[in-house]
Amino acid sequence: MIPAMYLASLGAILFCIGLLGVFTNKNGIIVLMCVEIMLNAVNLNFVAGALHYGDVTGWVFTAIAIAIAAAEVAVGLAIFLALFSSRESIVLDEVMLLRN
Amino acid sequence: MFGNPLTILTLGPILAGFAFMLVAWAAPPSKRKEISQYIRLLIFAFSLLLLSLSTLMFLESYSGISWTSLALNEYVYDNCANAEIAIEAGGCSLVDGFGVSWHVGVDGLSFPMVWLTTLLIPISMLVEWNAKKGAQFHSLILMMEGALIGVFVSLDLFVFYTFWELTLIPMFFLILLWGGENRKYAAQKFFIYTFTASVLMLLGILVMYYFTRVPVWDGNLTGRAFDITLMASSSNTLGSAFLGGFGMQKAVFLLLLVGFAAKMPSVPVHTWLPDAHVQAPTAGSMLLAGVMLKMGAYGFLRIAVELLPGAMVHYQLLLIVLGMISLVYGAMVCLGQTNLKRMVAYSSVSHMGLIFIGIATMQPLGIAGAIFMMLAHGIISPYLFAVCGAFKHHYHTLEIGSMRGIAKFSPWLGGHMMAAWMGSLGLPLMAGFVAEVAIMIAFWMAFGWWVILPALTLIITAAYYLWSMQRTIFEGGDEGQLPDSLHGDEPVDVSWHENAGMFILAVFAIVLGVLPFIFFDMMSSYSNEFVTEVLLDVLNEVMP
Amino acid sequence: MSDTKTSEMRFLPIIGLCLLFPLLRMFGGEMATGTPFTALESAFLIPLIPMVIFPVIAILGQMNHGDEAWRERFKEGGMIALCTLAISLSLTIWLAIEFFTKGSSFEDPLRASVFNWINFETITQDAAGNWIHLKSDSLGVGLWIDNVSMMLLFVASFLCFLICWFSLGYMNTDPVNKDRNHRFYAEFVLFTAGMLGMVLADSFLWLFIFWEIMGLCSYLLIGFYYERPSAAYAAKKAFLTTRVGDVFLLIGLLMLYDIYGSLEFAVIFGDPSLHGTVDVNMLRWALIMLFIGAVGKSAQFPLHVWLPDAMEGPTPVSALIHAATMVNAGLYLVARFVPFFDVTGHGHGVEGLGDVAILIAWIGGITAFMAALIAFVQNDIKKVLAYSTMSQLAYIFTGLGVALWFYNHGEHHAAVIAFGASMFHLFNHAMAKGMLFMASGSVIHEMHHAHHGSHDEMDPQDMRNMGGLAGKLPITSTAMAIGSASIIGIPLIGGFWSKEGIVAETWNAAALHGGTWLLVPAFLILLTAGMTGFYMTRMWMMTFAGKPKTVYADKVHEHTPWIPTPLITLSVISLLGGFALAVLGATHWLGEAEAFGTAIHEHGLVFAILDTIVHAFLPTDMFLFLITWVAISISLVVGPAMAMRIHGGRLKSGESAPRLISWILPLSSKFGRTQVDDLANSGLADALHRRLYFDELYDWAIGKTVIPLAYALSWFDKNVIDGAIKGIEWGSQKISGDVRKLTTGRPSDYIMMAVIGTFSILILLWGVI
Amino acid sequence: MSTLTLISDPQTATALLPEFTLIVGIALLILIPNLGKGTFRLPIPNTNIRIPYLFGGERFAFTSSPRIPGVISVFTLLFSTALALWSQMEEPLSDSNVWCIATTGEAFNSCAGMIEPSLLKIDGFSRLLEIVFYGALMLCGVAMWSRMPATPRFMIHAQVLAGRREDERIAKLLDNRRQVDFHILLLMVALGMSVVVLANDLFVLFIGLELASLSSYVLVAFMKENDEAPEAGMKYFIVGSVASAVGLYGISLLYLWNGNLQISELASSWQAMDSIDPLALAGLAFIVVTIGFKVSAAPFHLAAPDAYSGASSPVAGVLATASKAMGFVVLLRVLVSITMPESGEAFWVPVVGLLAAVTMTWGNFGALSSESPKRMLAYSSVAHAGYLLAAVAALGLNTSREGDHVVAELIVAAMLFHLTVLVLFKLGSFLVLSMLESEGRGSKLEDLYGLAKREPLIATALFIFMLSLAGVPPLSGFLSKLLLVSGIVDATVHNSMTFDDGVIAAIRSLHWVFLLALFVFLNSALSLFYYLRVGWVMFFEDPPTRKRLVYAPFLRITLMLCMVGTLAFGIGPLADHLLTLVSNAAETFFG
């Protein structure tokens, strides 16, 4: 059995990687993927918790969180598509009609 | 609650104004002109009705009410006497949830202002009888009347403040829709300026609110109330340390002072006034100078002075300095003006300075004089502005240097100008003089030789008024000199309605100058009540 | 011409009826209360009726503008005014009768209270420093009629009536005034109300109130020809200059109120012990303040500059306001000082006020001399009279100063004489000067008439355009001669009786009672006596003697109705009134309230006349005897003789002066002739022409201080005060713009910011725990 | 737990009636517009017997009307609102009105006695907030009736005028389809928000949050025809999804710490802690970040102005009101229900206080010179979040005052009141902008020029909304601020306080949270300027055109109702009723 601590630490590391990725990358898709990494970190934590406490709800949470992540990707891609069709770019810093 | 005449005086005109406005607005375009004529008459009749109502209230002083024996914090036509119990019983509460009540009443301080308002409204309508879009114009004025009276009669600070701000809106539109060339700037400045100042006042009011706890009162979410009489009952006994002590009293006093000083206006927060006046239509100017400026003085007395006498004593010097600067500086600036209306506007600044001075003397006489000044200036300054309006209307200019010998072409106008100008410069037997004398006597008793400053200002006042008359209605040789703005048209005299309106003002200015006791006695009794019941204790505790 | 003559006759019955107003009033009282109203009960009507009539005339006149009936039948309001003044006059006479029958006096004036103007309360600090309620008080309106006010009341209402009469001829026949006379009459009655009210007032406050009303009317009437820039300017100048004085007067009132706790004569003149000890220093300043007010109103140095310019007004105005009545207000006010000064046991005065009295005398002396000096060079007939007025008023001020000085030094008898003489001079001067102005008006009017229709410029007031009018204007020239004599103080005529008293008492005080400080005014007024002789004679000679200097002067003849009547009336009064009243003991009556005719009553008429003459010409004290005769000789001989030498001369052949004065003209040519061109072109004359530079000095001072300051302040207001507000607005907009720049538009920046926020929160929470 | 129990249990069904109504509404939205002449050909060879099943095929003209989806969603929301309101009409404070839904799907009257973990809790607090959400979304729905899609519709209209009827049909259908999409999303948001406010379990709460958020991302980007909407949607999505991820991570940390996400369990564990576990603390902090994003608190608000100005106005209005209300519910749940100590000051007071001060100042300064009315409203929304955060900070002081008033309840009541009336005037002003938007304007201040000359009544309404936002008496915006400040004052100032030594000294002796009250006040004063500016460009400047605005009777009526409400909830009996409602809700919040 892998100690919950390890999983949680991995989760933390993944989370940080995702977060760093979010604001260092300019491409929308990559940013979306970084968010997914963060959500996976969450999943790891839930799994770790479920393991640690022997609680079944943790697994349920994980499953739902994955669903949420999927929904989020779907919405995100849809938005990026719409954006691309109007601007022909999904590089975040090139889309700056709205500011100040 | 709604059977009270004061409620009628307050809400009646607002609702009626709205109704008339809607009718005028909804009228079919083909008949709009005709309907508008009728509406104008109806509005005028309505305002006369209100005037007769307030006059009847006054006449009752000879049968029922004795204004001169009212105790402090006792009001006539009070719908909510003994507020703590009455409000709890639900007799006059407006929003229980945070302690707002519909509490109205008048005393020797507020009644003259109420009466003045009801008097000035029909007169200002009369003077601008032929305003464009008359129905809307007059309904706005009618709404204004309600709001103004609301300020003077409401004894609940929330309602007071609401009416206070509400007065801005009709005035704002009067300036905006009927104003001069530069009206946008003026209206904005007017609104922003007074609004900002009143926000500070609001802070003061809120602090007072937070300190006015009403433990017995169920259903009150905040456990506090805005009622002035409730505040007064805790503030008038010095030992109870209203507002948690003297320090807070001072702070609140200053906040209120800023709010009211900007309204009065006092130097250095006066610069909105000239612009607003110059751009406002005649009726707007008349009401602005006649009543709206008095709101500042009234509020100052009713709230800052009456509820925070200790702080007033503490800041006596500040008041004097403010008043003195307004007085002298305002007069000096008048001397440097070339626009008639602007000059008159600055003269208001100057005269309002006297009110601060009168209050700061802390003599019953001085305070009564200050209150009388409010009334007197409330009659004379509309007169001044009516004259200015006639110039604007018939000669299309207000530049002092652009015309000469106008009295030749417009003898009525010349006569009215003379009467108004003389009234404003403090000619005896006109209302302004009474106030000046009362304030000056009290001033000497309080400050001695400093009286030289206000006294010398009287000379400056005379100088700018005479100078402006000399340059407009006089001189010009046998031919006279018409302003270019007339474009060669035949000069005309004031129209009958202007003449009538100005005459009424002149008559009242003189009646109140010859027989000032009509109003002075009730003011005097109010101020004496205040001084002997409150101020003497404060003076004896605070001054040493 | 004859139409207007008959119109004069036609109106007489109406005026007569108006004079019967007291009967109506008595009857009214009978109807109302069962007992007839007394004169005192009706006295408030004296100022009230004119005051009410003022708007009536003004409004009716404006409404009936140009109406024929209004012009002819109502004389553009003149008739209404005249009737009003007749009523006031009749009430005054009624009041006078009651006054004499009741035997009222200074100590026991007629008093009536009308209503309380304002009621109020005051607080004060007690000895321990505690604030206490002082008292409930009121400023009331009431009447106070003692000898001086009775005299002045009569003078005022009588002269108002006469001058109004005069105006009907003078104003209504001048085409310049067509359709604007209603304004004149309205303001005229308002003025009357002011003057009568001031005299009747029972408190300093109401004295001041009516005083200001008069100031207003003076302003309005000086500016009657408002379209002339000079008139508008003069009106403004008059108002502002007197306003300066008025403001100080107001301050004086405030101080008096503080000292005595009241402004009513009854309280103030009562026993000062009622008010605790009076602070002498404070009282001194209060009186000085009041005196400055008087100086302004009576056109004394240094606030004298307005009076000569005030001659821009129509002549009746000059006659009434600027010679006979309003300018006397200042004197009346100073006369009211007596109770403050009187320490002789008859009053409750305060010691140590002698310096105020000396100040008053000095101002009087300086003004008298200065005005006479300037009058030397004036060519405008009205200006000469204006300076003469100033000078004569200054005499009275000197006399009052001396009287007050005596009062304050316990010299009751001398004080009474000086005071009585001063007040008597006021009377004489008012009558004479009112008449002189009317006469000059007559001259101007006729000159104007003669000039009317021609196209060249001619100033009808300039005496250099006149000359030789004595034959053409018999009534006017006689009246003017009598008036001048009265002013000069020709023995036995009018002003002599009072002026001698003033001069003598001044010297008496200065030389015999140790009033060293009074020596200067004494010298000055003595000198002025001679100068008066010079400039009055010069005026008369330039106008009436010699040959006509212009063609217009040759065409002049006397024909206007309404004008001669007042001239004749006043001539008689000026000629004989002085002497008659002197014999009756006017001086004592005015000074001490001794009943009229005490001397006659006790010693018989002949003795009384002799006694009066002996007193005047042969004072027992040798020094005063000397002074008296110096004064007589220089005013009777030196001054007039010099004037005749320069300006005198016979009339054109074929003309003869009226009998009464026909001896003067040959006499005037006897003194030879002096050319004064060199002198007239000298720097001194220039200085005098420019009124000793006072006007320029004031103009310069105001132009260099007040006006620039006013412009600077309005600049300051516009740019600094308003600018500060705008600056705040600009600053907050700037900050706002900077804040908005943080919203860069880049999502990565937003996330970066959020992460920073997250870590801040974490660190903060960590720190808290 | 089974879905079946959820529906079949009458008690549960009754308790969750408004939510079920929403689900039914969503179903109707899917079904009704698809009703058509669809037939099913019987699979019998050589025959052509078609059995109509009224689905698909050529749509009925009536059901395919572009109005229909809007009508359905608005009436669904209206119905839900009525149900929610109705459930609170009687005995709002008694236990009989409180329901807990267990994981089994059964509903219990008293949550305390439950053995099984409860998922949802229905009480006065949640019902009131549901009313707020539904109300806001309803207004949004009404605004959308007449204008979808924004720009292309006008183009199609031009073609219709040219006589191309076929295109009109396509346009209508397109319109209808988009309406359906939009309104489904709208109801989804409603459902998500309901779940958030009902949730008694942190994870359930988070699911609701995600449901609402994801739908709102799409709503923001919905007007994809114009260039700004997708950009706005993208920014909102990126920042929002990162925030949710962070929040979810925080929840997972809490799970790691506690092993259970029941709010009551978390609360008791928190109370039992001697010193705060770093894990729990970090979890809490991360959740706060998410909420910060939701309520657009500085510095997490930066995407909000962009999103608001890019989104169509009604949607922006929803974000500014309902979404914000939801955020504050979460905040209250997390900070008050879980971490509030029995007595004494909560540890997060400095954080929230600081957030509040920064947020309101930043928001107001941002709005001060904003040239776009929508951005201005966005910044103002930030400022309002700051005011509410200040109240939360005061709540954290945990002051108890003698007498019958409980400070905490006052503060929560004030917040609820504020959130409720905010819907009227904040969303109301967005609705006015949406009228402008339908003619292609509304993103610049110039677009408001002279509105008073074109539409005096609408301009007056907007002016009143602005004044209410600024907090001018007697409008409801003032009352709400007054209550907020009252709460802060009550929490910090004590009855026996004296100010004898001067105000500065006295204030220094107070808890620093008091300064937030002053901050609220000063910021309100500052905000007045930019609100008034909207007023006078409407009244002073000359309009670019004299044309009337789009004729949308229901929207106009709704606007007028908002205006009247803004006034009536400020003063008068209606205000009293609302105050009673919110104070009851506040009382139930504390249970």
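General observations
So that you can tell them apart, the chains are marked A, B, C and D in the order they are listed, and the count of residues begins at 1 in each.
In the analysis below, a residue touches a chain if its C-beta (ideal position, glycine included) is under 8 Å from a C-beta of that chain, and two chains touch if they have at least 3 such contacts.
Remember, predicted model here, so these are calculated numbers, not experimental data.
The central chain here, found by comparing per-chain C-alpha centres with the mean of all protein C-alpha atoms, is B. Most remote from subunit A, judged by the distance between CA-atom centroids, is C.
One finds 39 Å separating the Cα centroids of subunit B and subunit C.
Subunit B and subunit D have Cα centroids separated by 44 Å.
The mean-CA centres of subunit A and subunit B are about 66 angstrom from one another, to the nearest whole unit.
The distance from the centre of subunit A to the centre of subunit C, each centre being the mean of the chain's C-alpha atoms, comes to 101 Å. Those residues of subunit C in touch with two or more other chains are numbered 740, 743, 745, 747, 749, 751.
Those residues of subunit A in touch with two or more other chains are numbered 19, 22, 31, 92, 97-99. Of all residues in subunit B, none touches two or more other chains. Screening every pair of chains for touch gives A-C, A-D, B-C, B-D, C-D. Remark: subunit D residues 203, 207, 210, 214, 217-218, 221, 224, 226-235, 237-238, 241-242, 244-246, 248-249, 251-253, 255-256, 259-261, 305-306, 309-310 touch subunit A in the complex. Within the complex formed with subunit C, the residues of subunit D that make contact are 234-235, 238-239, 242-243, 246, 275-276, 281-282, 284-286, 288-289, 292-293, 298-300, 302-303, 305-306, 347-348, 350-351, 354-355, 362, 365-370, 526, 529.
Per the touch definition, subunit B reaches subunit C in the complex via residues 193, 267-268, 270-271, 329, 332-337, 362-365, 368, 405, 407-408, 411-412, 415, 418, 422, 427-429, 433-434, 437-438, 440-445, 451-452, 455-456, 458-460, 462-463, 466-467, 469-470, 473-478, 480, 515-517, 520-521, 524, 527-528, 531-532, 535-536, 539-540, 543-544.
Per the touch definition, subunit C reaches subunit A in the complex via residues 740-741, 743-749, 751-752, 755.
Every residue of subunit A that touches subunit C in the complex is listed here, in rising order: 19, 22-26, 31, 92-93, 96-100.
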